[in-house]
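Chain naming follows the written order as A, B, C and D, and within any one chain the residues start at number 1.
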């Protein structure tokens, strides 16, 4: 298993933070490793306190299922095949803002989770972090 | 960051309790500080036991996102952008009854959470507490 | 079962707070009812954040066993009959600062827990709250 | 209440990481704000997974009681005045590696927690982070 390095995680945080500044938002940004364990985290000044946990849960959710958190949310609605999956794993967050992170060889080396604004902005900032080439 | 004082928290509890008496309800009333930590709490005689935790969670939720709890609930419904956000942060309460508290300079110094009656009454009583001028 | 009223709980908090001021300490003070549920709480300005939970746990512990928390701590030491009882009930605190509260007829109507200074000061302030005549 | 900024938290993490490299250790380093909420975190490559939570709990413990975690541990031993305080607050860590962070005016603006080596090394690295002048 390839795993994200501290240098890579720092680059992901930095790219996401730059994106947050461009969008004028104050974000919580979390990076987990290939094992789903917290690797790096930063909270911008003024970012919502409740988004600390949500950003971490988004990153973990994205790595737990190797897909964008929003994709799981489409399946977890009432009547859907994964209804209320959110109660598992100590709490999943299934709306946008969490994305897998890929290594040079294309394998998943971790995930990023962003929370602090609209889910559209959260997703934009997470995407900026995930776009870093490793 | 300004933080609520004990004297301010007592004034908030007192105003909320007066409002509860006017509406003929028995409420649990919680105040958290700027960091989301419990600052003051009171349970009126006969108030629901299950509302102790709910009032504290409402206060915390309001501070965690710096908005009325009911505003989050509008976004967390099935099909909404924040579906099942309630599983985060050890449990959020997203129906009405939680409101941020503002200091003299307009900054948020804490939050109030009220639970014990209909959500309309909970909100009314929380509003009375939040209306105190600091 | 007699139960503590809000007026009684307020009087207990007030007496404990006066005692804290006399001793020059900043305390967290919690009162639980006969069922062990939180009835009233206040945090003095500057009191330790970690003592919020401890004050509540002291009050609950005192009511759960109807004795001073320190008395349980004497039995929970290594080699003692109640070794590590602290892990039960979601966490007990068994050092001084928690005391049962008695009603007019001598029955236990709740408990007080105080945390924020040395255990001697915590106990002194809790005693002041428990000395209130109901 | 003064609160730590993101720039300050980054400087603390950076100083602590430099110290870890000097001591040849792989550390988890956490910074919490004045309210005890996570502000920044980094895990060096190869650092123990079990130390993620410990570093965060050390930081929180240091802020919860405004003192070095090791000072609490001296009081929480069998027969000591704070025996088993560790079960409170969702889990405290009371051995060395957590220290308060002070602002320019001397007030506490947060705390740092370090875990990943011996407690002596953890404390050394935390001290390097805490020595940053804000």
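By our rule, a contact is a pair of C-beta atoms (placed from the backbone, for glycine too) under 8 Å apart; a residue touches a chain by one contact, two chains touch by 3 or more.
Nothing here was measured: the structure is a model prediction, and the numbers come from that model.
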item	value
Maximum centroid distance from chain C, chain identifier (CA atoms)	A
Averaged-CA centre spacing for the pair chain D and chain C, given as whole angstrom	29
Gap in Å, rounded to a whole number, between the CA centres of chain C and chain A	42
Length of the line joining the C-alpha centres of chain B and chain D, rounded to whole Å	31
Sequence positions of chain B contacting 2 or more other chains	33, 35-37
Chain contact graph, described as a line, ring, star, complete graph or other shape	other
Listing of all chain pairs that touch each other, if any do	A-B, A-D, B-C, B-D, C-D
Touch list for chain C against partner chain D, complex	48-51, 53-54, 57, 73, 76-78, 84, 86-87, 91-96, 118-119
Residue ranges of chain C in contact with chain B within the complex	5-6, 9-10, 33, 35, 37-45, 49, 52
Interface residues, chain B side, partner chain A - complex	35-36, 61, 63-66, 78-79, 81-85, 87-90, 92
Sites on chain D touched by chain B in the complex	1-3, 33-37
